[in-house]
Amino acid sequence: MSKIIGESLPNIPWQERGDKKGPVWRYDNNPIIGRDGNKVSNSVFNSAVVPFGKGFAGIFRCDSKSISMDIFVGFSDDGIHWKIEDEPITFTGADEEILRNEYRYDPRVCKIDDKYYITWCNGYHAPTIGVGYTTDFKHFVQLENAFLPFNRNGVLFPRKINDLYVMLSRPSDNGHTPFGDIFISQSKDMEFWGKHRYVFGTVHGNDSAWQSTKVGAGPIPIETDEGWLLIYHGVITTCNGFVYRMGVALLDKDEPWKVKARSKDYILAPYEYYECVGDVPNVTFPCAALTDADTGRIAIYYGCADTVTGLAFTTVDDLMQHLREHSL
Amino acid sequence: MSKIIGESLPNIPWQERGDKKGPVWRYDNNPIIGRDGNKVSNSVFNSAVVPFGKGFAGIFRCDSKSISMDIFVGFSDDGIHWKIEDEPITFTGADEEILRNEYRYDPRVCKIDDKYYITWCNGYHAPTIGVGYTTDFKHFVQLENAFLPFNRNGVLFPRKINDLYVMLSRPSDNGHTPFGDIFISQSKDMEFWGKHRYVFGTVHGNDSAWQSTKVGAGPIPIETDEGWLLIYHGVITTCNGFVYRMGVALLDKDEPWKVKARSKDYILAPYEYYECVGDVPNVTFPCAALTDADTGRIAIYYGCADTVTGLAFTTVDDLMQHLREHSL
Amino acid sequence: MSKIIGESLPNIPWQERGDKKGPVWRYDNNPIIGRDGNKVSNSVFNSAVVPFGKGFAGIFRCDSKSISMDIFVGFSDDGIHWKIEDEPITFTGADEEILRNEYRYDPRVCKIDDKYYITWCNGYHAPTIGVGYTTDFKHFVQLENAFLPFNRNGVLFPRKINDLYVMLSRPSDNGHTPFGDIFISQSKDMEFWGKHRYVFGTVHGNDSAWQSTKVGAGPIPIETDEGWLLIYHGVITTCNGFVYRMGVALLDKDEPWKVKARSKDYILAPYEYYECVGDVPNVTFPCAALTDADTGRIAIYYGCADTVTGLAFTTVDDLMQHLREHSL
Amino acid sequence: MSKIIGESLPNIPWQERGDKKGPVWRYDNNPIIGRDGNKVSNSVFNSAVVPFGKGFAGIFRCDSKSISMDIFVGFSDDGIHWKIEDEPITFTGADEEILRNEYRYDPRVCKIDDKYYITWCNGYHAPTIGVGYTTDFKHFVQLENAFLPFNRNGVLFPRKINDLYVMLSRPSDNGHTPFGDIFISQSKDMEFWGKHRYVFGTVHGNDSAWQSTKVGAGPIPIETDEGWLLIYHGVITTCNGFVYRMGVALLDKDEPWKVKARSKDYILAPYEYYECVGDVPNVTFPCAALTDADTGRIAIYYGCADTVTGLAFTTVDDLMQHLREHSL
Amino acid sequence: MSKIIGESLPNIPWQERGDKKGPVWRYDNNPIIGRDGNKVSNSVFNSAVVPFGKGFAGIFRCDSKSISMDIFVGFSDDGIHWKIEDEPITFTGADEEILRNEYRYDPRVCKIDDKYYITWCNGYHAPTIGVGYTTDFKHFVQLENAFLPFNRNGVLFPRKINDLYVMLSRPSDNGHTPFGDIFISQSKDMEFWGKHRYVFGTVHGNDSAWQSTKVGAGPIPIETDEGWLLIYHGVITTCNGFVYRMGVALLDKDEPWKVKARSKDYILAPYEYYECVGDVPNVTFPCAALTDADTGRIAIYYGCADTVTGLAFTTVDDLMQHLREHSL
Amino acid sequence: MSKIIGESLPNIPWQERGDKKGPVWRYDNNPIIGRDGNKVSNSVFNSAVVPFGKGFAGIFRCDSKSISMDIFVGFSDDGIHWKIEDEPITFTGADEEILRNEYRYDPRVCKIDDKYYITWCNGYHAPTIGVGYTTDFKHFVQLENAFLPFNRNGVLFPRKINDLYVMLSRPSDNGHTPFGDIFISQSKDMEFWGKHRYVFGTVHGNDSAWQSTKVGAGPIPIETDEGWLLIYHGVITTCNGFVYRMGVALLDKDEPWKVKARSKDYILAPYEYYECVGDVPNVTFPCAALTDADTGRIAIYYGCADTVTGLAFTTVDDLMQHLREHSL
């Protein structure tokens, strides 16, 4: 039995496995958020949620009906039914140069101490990692971009390690990047980043081809007594395009660039209509996970076909067992 | 209240909006033409219809079961139920060299005076704009190709402007062209074309990314008291291919290369199964519109997933309002 | 009336045409094998079956949940309900160097005399044609790879011709090959191959565009009194990827590199959900056919969307008629 | 003995063949214009000259030291030593929209009656064919662009044929076009163009691979008693890029889209240092030819390596003999 | 008259302009270092030199005869004749993980206070910016990589600005990057970097096409009374590959991400044989500059055709004049 | 001291090393065959020579002035001055189907017993390995193509090994193949080939990047007391195209798919003008070697820039020493 190190979340969204197989199972009423998540949305996906107050708050990627990509606040009592605002987030605080907003997408939210840090893919002449925070999901302060372009999928750890803030990211290029490994970077102050280390990359050959084109961090890493559980996405290139699937890895607690285990088998993949059909077919893209330390329950929020938002469930034990049985 | 300048069409196919949202709403019984539109068809899409006699006539793109692309005549009493001939159109009249028929696709039909002009993508060593006409949809006369290759989406205006015939087109390359802007050309005689002008092109950046790869004219422009309403297609390149959506623009009445307004938000996009799944997933491609000047009603015919034909409805006021509220 | 030259197979899986059109019709309960064909499978497709004992045996391509490609034995009483083993095939016999197993996919099974020969796409530094045999579907002997890389879709004839074993194949490159013609090779001993001849290739222009990108042999050729019936796949490149369809050709009985007839129209194409949606959308890929010489019935097994396995039916007369009426 | 139909030009630049082989021979003092053709030039190439007054005038492509492409007037007494102006040409007369000047390159000059018509690759949202004229090489009037984009290498015939102006061109795409055939277009008024016909294209296979990627017209066609002599460029794609060579064709006098003969062997190819080394290695690109009807002499001006300008010589008889002996 | 703010260097390598034109002129005896710069070299280029002791020291990119890329120390009395060591540099000090050495190339050397900082393109799973220093060119200490991959052309400023170290770089992809803008990053400690700002990028259109594909910083910026003079490389894509040329920009002294002037015309380009012919034709790539504050003399070291090393000269006044007369 | 196992060749072309460095040195009067090797040639390169009679015979690749690729016989007294026939080789004997001649290039000649076997890249619907023989260089018999397409650089061993003929080749694709490893195939009869084995491939990373894109066998392997010396070509992809260099490997005498040593450093690379400039810049491509068993001398014939033919010298000891000192 593994233990999640974190807070209890008795109201975590949850549905028992029933007769569903596999390390992760879908919510029966998926998708939980459809195309019309707010008034302007063409699609709502690749979004991040956290416990907030008595319920939940989230930062959502809504592509508008002009297909402009931006991030919006939303709230929910139960983590399943969401009310998303119709206006995108406004940040204050950073240098004017940084507050310029070319585009924003694929947010993550990470609570560190009393702040909810938001990271997202931020258009500053090219995609890089934007960083900001809020304490109330009403006022948002933007900090410096963490890195130079080109970068995507910046994911913070929920506490300092060795007195340094730690962020995963996936250096990219300026298009639909056909490569991508996960690196880690460290910072004293959330402003200057360094001590970059390679974490893990794509897998060549036939062993684990679902993650042969690129891999990128998904939800905020989950601290356990055995290390950090990292749910991530992996991509293969078929003759008809990319397929995005989900995997899991276990990173060393103190040196999280050291990989203790990593899934050879995916943990979720496009099977359902809403995952296979949409603006970008065949995408399951995890961006957030809620956890309950008491029960070990994990609820994963993931984008489906770049169109809608799905919810899936697992437990820390299910993931650990998967890592033991289906590891690279 | 805007006015369509044109004929009344009391028998225009029509279904009220009901509780559907957006500037354009789908017909409940879509697709109106399935794969088996005629005996040889693999798919029927990107086709053009006009009022004719007491009912309607149309020129249909049917890809055969050998996936050869050709155009066929069809007739309908109500604009919804169509009988399409099993043999493709035969033209007479033009130079032998021009009558050669490598392939024909994506027709438009435009009534000017008493002739129904047909334009289509015509294979003459490469794709260019074929031009012909009929008065009875039985006999068809082919004229010279309007332009040099490579060109697609040639769309005539329904009357001369400044004493010249006017045609929109989208210059292309010899493949699945990853670029494309709309130009206008003018002619005294439908044979020699010149005075080419740029009309509008793709939109860079995040503002209106659905039209960032290419744009091309759709149905024959609709004359209104405020200018020409042009329904067009716009394309984005995702990591898994193109998505074709619909937009609308308002062109100056006398200098139609001047754009008075242009939609930032799309007006229709692949949402339904028959639009998202098919020989080419994620395509909604408008090629014709019926209008009723009395009511301002507009019925749009559009190809779905390069496989079947859909019908959607709007009004001149809905489109004008969309242009006012969601303009670039 | 054409005749299949071969054995009777009174228990051939069969369903009457009913009111279905076209030369080939689908089984109503398709797909007959879903994603969960065995314990490890992500997908089961592009697989080969033969009569064996009182029922049927087969070699199945199961991509695992790590998306590793391998081949597995399965058995069935009725050819429809299959039990597939959970462990991939183990070969013995060949040189150690050849027994190395980088990946294996797209198997075919061909009974010649008393041996069931298996050919597949075999990873030996790159894709080439692996060859092995079994007599009992329990013990498997691997022979030398037939060819140098890069090759795929190696398909044996079910008897020697002119005292030589004969194999079709589709030379390829090292990726999602955007070209491909069918060649034939000959051998005295199943070890050394030569006398390579071109059989047929892609079709340019508008005549038969469904087979304009690549073509490759499907099931073991079916001997008839008029020649060898070859069911094959053809591929077109759309702006959103490849579409795989099925065709049929008639090859000369004694000089099978001579094509007597070849279908201009496809005989089956992706129409159904399970053919259009899946890990690789829009694929129908035939790999095996059962035949009953008494009735002329043919049951075709084909991969659907690189995800599941479908079954379709036809007769030798239906195919011959198709070739007469829709030939290139 | 063939005859050039045209004016005498006793002062045509000329150098006897000496012991040089081949249908065309180089001037000993090549290049005749170096990189520093005028004050701003990085390179001077792909330029056009005509007899003018007692000497010669020309329109030169000079790429500046900012590598902006523009066209400049130059004058010469002997056709070999040139004085090129330091300011690019200014046109008047056309619609403001057309006078916009994004870029201009690869000019040709064609005397028809008393006007010197200039055609060039004109940047109007994309490359197309600009048209203008002068009578004195001091004042320049610009007309409408002949065609829609994308087009290059527009070359006029030196007189009307069948009462129509006639222009060759090579439809292109928006990059370093990897394809290209020669078409012909016709006009009553130099403003509206139509009756487009295919002239000739690339050659597939091994027969004449130097012209397998693209072909385009070079100098103004030379009228002879046997038809129009067209010197053109042909391009092959090697693993290290394009190689541009020169060929010759004979077009029908009255229906110049009919090809009477066409060279299988090139007539000039990059051999010399200044042709093989420069801003674009391995280019010989002919844009102009002077002819003397009395002697049959032809002086060809050609761009070398997109860097400097070369001069080469031939005679109408040499070219006709080449066409007889080395024709496709 | 502009002033270089820096040290005197009376022994700066120098040759008067003579009758050479342009803002920069070549040394008559170029290349100063040939292919055989040391025992193992295939080529010596893109290298950095600084005054050291009574002469000069340098860090040289030598590609070996196995075409492995590494950096080597060299020394010279006069800055022209160099003795380069046969063994590559060995660093100590950094984390083992960082000392791993996949490849190293394109070094720059920057004296800040009493340390000579070296930056280079460092292979750490992918190209990024390696950082180290020496005080004696015998012992070398490596620091953390400045950035995540993918990055190249990291160039330090020779003093802190606003109490921060400042580095220019050109974020890239994992191949022969076809894009590239210059960004600036800042650091308190040479270990953690942030406050990334865009400096300048490529130029679209015809204005300055030599820098339309990518731009990257070259030598250490030269401080003047008017700001920082930055010599940089710009690249255009021709149909036969990239051409690398040199330009100059003037950056604001205190906010060096603000561009005060930038050259429209290049200042040096491949003209000479050793620049046009070599392992990569048509490359002039500046990596170092010596300056003499007393006279304003500047000696530029630049790689030629990725094969040999050239030397060129200019003065601060020549560059400032160029910026005044040929600015974007 | 190593020994060549073979015949004496006292009249081997030879020039002492002088002060030239490296394992292989060039002939001073290179190129020995220019562009005008015969009457029709545009270029003569990638050609094969053998001792014959009192002098030498060869099979030459001459690309004609139409850039058609074919092979021609030539003779020489001294191996340096060659007389090449003006008509390409005519074969007899094989199946009509095989005698079809789409194109032929890059020949090798291998004496086995009393026959001179010729292998070349043969156009049979696509590139594959043609095989023929002669005894007198007047009459030529063509055999079956050894392999299916796509293949190039087929190189025979000069005697049977383990009673089987043995051939190296480099499987390819249908273009300017950007990959390529060396395989070996075996045959009892020169007609049916099998027992294909991987020999060696490209080298990833920085260790030996000159051979990172593709490698292919060059001259007939040279038998020595230590194994087979194989001179081969290796290719790197720069931003401006491929560079072809030469390396050497030592293969096991009895199991020649086993590599005993392989050069990390190239043995010859494009340095000279005639190697760096030509129809394909930067190519040195070895196709033949003469050897003298008495002295250990080796004379290598190699194509230069796909334009002319060069000669270079080495000895078995030089190559063995290179392998000892610069091995992977």
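Letters A, B, C, D, E and F mark the chains in the order given here, with residues in each chain numbered from 1 onward.
Here is the rule we go by: a residue touches a chain if its C-beta (ideal position, glycine included) is under 8 Å from a C-beta of that chain, and two chains touch if they have at least 3 such contacts.
Treat the numbers as computed from the prediction; the structure is a model and nothing was measured.
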item: Graph distance between subunit B and subunit D, where chains that touch are linked; value: 1
item: Gap in Å, rounded to a whole number, between the CA centres of subunit C and subunit A; value: 41
item: Separation of mean Cα positions, subunit E and subunit C [Å, integer]; value: 59
item: Rounded Å distance, subunit C centre to subunit D centre (Cα mean); value: 55
item: Subunit A residues counted as touching two or more neighbouring chains; value: 240-241, 277, 281-282
item: Chain-chain contacts as defined at top; value: A-B, A-C, A-E, B-C, B-D, C-F, D-E, D-F, E-F
item: Complex contact set, residues of subunit D against subunit B; value: 97, 124-126, 128, 144-151, 169, 171, 173-174, 179, 181, 183, 185-188, 191-198, 201
item: Residues of subunit D touching subunit F in the complex; value: 21, 205-210, 212, 236-241, 243, 264-266, 269-271, 273, 276-277, 281-282, 326
item: Residues of subunit E that touch subunit F when the two form their complex; value: 35-36, 42, 64-69, 102-103, 123, 176, 240-242, 277-282, 306
